[in-house]
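As structure tokens, here come the structures.
Presented sequentially are two complexes of chain A, the first with chain B as partner and the second with chain C.
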Partner chain A sequence: MVTAIRYHVSVAYFFAKLAVQRQLEYPLFLVSWFLMIPLQYISGVWVLKLMVEQFQALAGWTFPQLAFLYGLGLLSHGLSVIFFIQTWHIDNMVIRGDFDRMLLRPMNVFFQFVVNYVNFIGIIDLIPGFLIFFYGCAQVGFEWTLVNVLKLAAVVIGGMFIRASICTIMGSAAFWTKRSGSLISLTLATMERTTMYPLSVYPKVIQLALTFILPIGFISFYPATDFIGQEDGFTLPVGLAIWTPIVGIVTFAVSHFIFQSGLKRYESAGS
Partner chain B sequence: MIELSNVVKEYTVIKKKSGLSGSIKSLFKPEKTIVRGVDGISFRIEKGEMVGYLGPNGAGKSTTIKMLTGILHPTSGTVRIGGISPQENRKSVVKQLGVVFGQRTQLYWDLRLGESFELLKRIYRIDEETYQSNLEMMYEVLGIDQLINTPVRQLSLGQRMKGDLAAAMLHSPSILFLDEPTIGLDVEAKQNIRSFIREMNAKRGTTIILTTHDLDDVEQLCKRLIVINHGKVVEDGPLSELILRMAPYRLLVLDLSEMPDPQTLHHHGAELIKQEGLKLTYRFHKSDISASELISGLSAKLSVVDLGVKEPDIEDMIREMYRSSSTA
Partner chain C sequence: MSAYYYFFKMRILTTLAYRFEVFTAVASNAVMLLATVFLWKAAYRGIGSVQEVSQHQMIVYAILSVVMGAVLSVNVQDDMYYRVREGHIATDFIKPVQLLGMFLAEDLGTTVSALVNRAVPLILLASILFTPPLPVSLTAFLLFVPSLMLSFLLLWLMGAIVGMISFWVLELGNLGIVKDAIVRILSGSLIPIWFFPDWMGTVSAYLPFQYMYQTPLSIYIGKITHSQAGTALAIQAAWIAVLAFIAYAVWQRAKRVTLIQGG
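Entry: the complex of A and B
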């Protein structure tokens, strides 16, 4: 068990190291990095300003609460861009036969797929998230106690896993349909919309769907209601924030299962 | 060792229709067709063999190799390597396999060759000593020590192929699958790769299964051939035996000093197939008459200045095999 963990960690670490190294080698990388940082910063501030001007209270949520909710969603979005961006391309990888190489290696394919790449550049995607979230925190008077910080970390990481799992499940459809399509972009767009506003603005059916079918509600809405004491529309057991990492683990396990079943139908590519 | 029995692989192909209405239609009601890539193949390969797996384009060679290496699941039939199914027990089977697809690299495009090797060292859990000695051997046989710090995308096709071969051997596999390892390479590089393959087979006893369209590869490397067409095995046997059976003729070419009398041209053991001025070509069966018998018989009647015996070649044999199996 210990050796198995050490083995997987050492491979993951080496992949990550190579990925970061590779990205740092591009001469344009640092330039674009330095250009992107202020751009991301400005876009974050600009979105905030827009929100202040246009978003007034919504479904009983005050503006600072909305900023908190939106910022929280952006944080897990940023993390998933760094660690799981490859899940956005599963469909293409299936069609192009890119899993051949991983199947030839004596290691779990899903694991190789997940650790295969770290999108180091994606770190800058976190900037607007941090800006909006910290603004929201300050405005709603978020208490930075140890418990809250731990809960927050669990929620953001859980949210990242939920996002990655949903993309993995949608992308794995290509194992059956044999085509890459707009399914993932549709999913990404849906996730963006539905983590931005309180779930309670949507009709009950959609709320239910986004809780039990595609558990997007757990990415930001339910934990935010818990952190800031808002109404959630449902009466789920207390400690809603705790549900996010649990749902994250469960959906990740489900996505792994679906991916593995798909892999049995994998047909590689003609040449 | 390697065993396939009645293996069938069907691919599902979705027909793309043209136009907007076509693509909308196929979105909701996709038209699926089934393509049989492999249609009931059985064979057995023992440890240490060096087998050429041949067949025309689209015959099902790559499909077979993908099933043997656990990439694809057969539609029906069983695949066993050392008694284990590469589909059910992928990890333990692929540990002992080295695989090179000449058409697609298994290396990481944007890593240096050496980094790809380091990565494999970790994935296969190769201990330092074995890793170094294998690397040493690859440097020696393939001469890739200069390339180790070059990103894979900057390698030429021949260099990349050598890199792929080295990568496939780092974990000392007992079986090596090579799907067109000499495709697109120059004469020199082909020779390098052939001697590498021979060396691995001779020194390490690595079992080698090789697909190729290069007849020199076949002649120089394969003791046994398995030939497939339309997803079925059409021939399986030792190279020399197949040549004898499929292309049993030898040719005798004679240069004469003067125009012969047409009466004297006949010989009971051979057939005159061509006469161009003073050059005569006879075709004869290896088993009917020996070359020396024929030569002495003919030179008694004709004024021979020069002669040559042409052995049946692999090209004739392969052409014959593909042709007869296509019409069957």
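Entry: the complex of A and C
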């Protein structure tokens, strides 16, 4: 058991090392992303600020609270961009026959798929996330107790798994249809729009759907209401923040199952 | 002329060929539509009007803005980048057509097909879920149409100029996305400029961006009067002249750079 885990970790480590080295080959590309990503997110939060200034509050949320929510969402987004960006490109991997190689290796394909790439550049997504989040924390008076820090870590990692699982499930459509690119853009657009504003902006039906069908609400909205103490939307037993890692694990298991059943349909394409 | 018409027609046919892509693209736009309108509704909760714009006007503005974004598709910068990078540009220059004309014809083709397969479903959806996005008056609508066309040209010229940069750098990276992000904020497509702090509004008046979205949309919802609309149309036309001149000048140089690179 221990040797098996150690073996898997070492494989993951070598994949990560290779991926980072590959990306450092193009430093200029890195710089251009460095300009781009922060611009996008800072302007996003700035638009919220403008709206709150004109309208006092947004569905009962003040600007610091909105910044906290937005920042929290960006943190798990950043992590998923670093570790799970390959879940956005399953269709390319199906068309190019990338799974051939993985199928030949004596190791679980889903594991290989997960650790296959580390998008080092994704760190740039994290920086504005941290800036906005810490700003929000300072403004809403977030208490940095040990319990809160542990909860925060669980929420951010859980949120990353929810995001990755949803993308894997949608991307796995490519095993059947050969294309899922536009489906992924749709999913990403939906996740962006539904994690940056409070869910309570939307009508009840959409809130329910984003809680029980596509559990996006657990990425940032429910934990944020818990941390800030906003009474909004649903109340679940044992603190809303605790649910995020649980939902993360469940959705990840579901995505594993769907990926595996898709893989059975995989017919190595091309020449 | 018939050559350009052919490019225009082909683009319509190819965009219609991929049904599933069309469906998911419309679904993406629909998500944007829902998110934006619900956001404005939440903002206006318990508030009559802000900056002399009522909730109804703002919702029509938001719906139309999403529809415009879906329809005015400008691919020229990506097309140009792709053709330069893959080397197709060399054979393109041999073709007996003006290349910029070809790109324009293709983008017009995409836009016309988007009017059918994107604008219609989005407007239907918005009418069912929220309110039919009707113009404030017939005159406003008649002024909106030319303004919208000028907006298309402005967006297209901006895309063409950014696309031409690929002749020099070969790797455009995400310059296109940077441009799109700037346009989204400064054009008023996400949030109207009248919500900006005063100094930014002043600066914005001297930049071409707000004439790409905000001008036609303001005319449509009646935020600006008819005489102001006339002035706005003139400013749009003036910016088109400026950008067309820049595009032409850059294009002449770009052609020379390509020749130097050779086969």
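Basically, the second predicted complex is superposed on the first by the 235 of 271 C-alpha atoms of A that agree within 3 Å, B and C clash if a C-alpha of one lies under 4 Å from a C-alpha of the other, contacts with A are read in each partner's own complex, and residues count from 1 in each chain.
What we mean here is this: a residue touches a chain if its C-beta (ideal position, glycine included) is under 8 Å from a C-beta of that chain, and two chains touch if they have at least 3 such contacts.
None of these values were measured; they are calculated from a predicted model.
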| item | value |
| --- | --- |
| First (chain B), second (chain C), both or neither touched by A:138 | neither |
| Which of chain B and chain C A:179 touches, first, second, both or neither | both |
| Touching partner for A:190 - first (chain B), second (chain C), both, neither | second |
| Contacts of A:24 with chain B and chain C, given as first, second, both or neither | neither |
| Which of chain B and chain C A:11 touches, first, second, both or neither | first |
| First (chain B), second (chain C), both or neither touched by A:201 | second |
| Partner chain in contact with A:150 - chain B first, chain C second, else both or neither | neither |
| Touching partner for A:246 - first (chain B), second (chain C), both, neither | neither |
| Chain C-contacting residues of chain A that also contact chain B | 177, 179 |
| Of all residues in chain A, those that touch chain B in their complex | 7, 10-11, 14-15, 18, 22, 97, 99-101, 103-108, 112, 177-179, 264-268, 271 |
| Partner chain A, residues of chain C touching it in the complex | 20-21, 24-25, 27-28, 31-32, 34-35, 38-39, 41-45, 47, 50-51, 171, 173-175, 177-178, 181-182, 185, 190-191, 195-196 |
| Partner chain A, residues of chain B touching it in the complex | 11-14, 30, 62, 66, 69-73, 87, 90-92, 94-95, 97, 99, 101, 103-104, 106, 108, 110-111, 115, 118-120, 122-125 |
| Parts of chain A lying in touch with chain C, wherever the complex brings them together | 28-29, 32-33, 35-36, 39-40, 43, 47, 50-51, 54-56, 58-59, 177, 179, 182-183, 185-186, 189-190, 193-194, 197, 200-203, 206 |
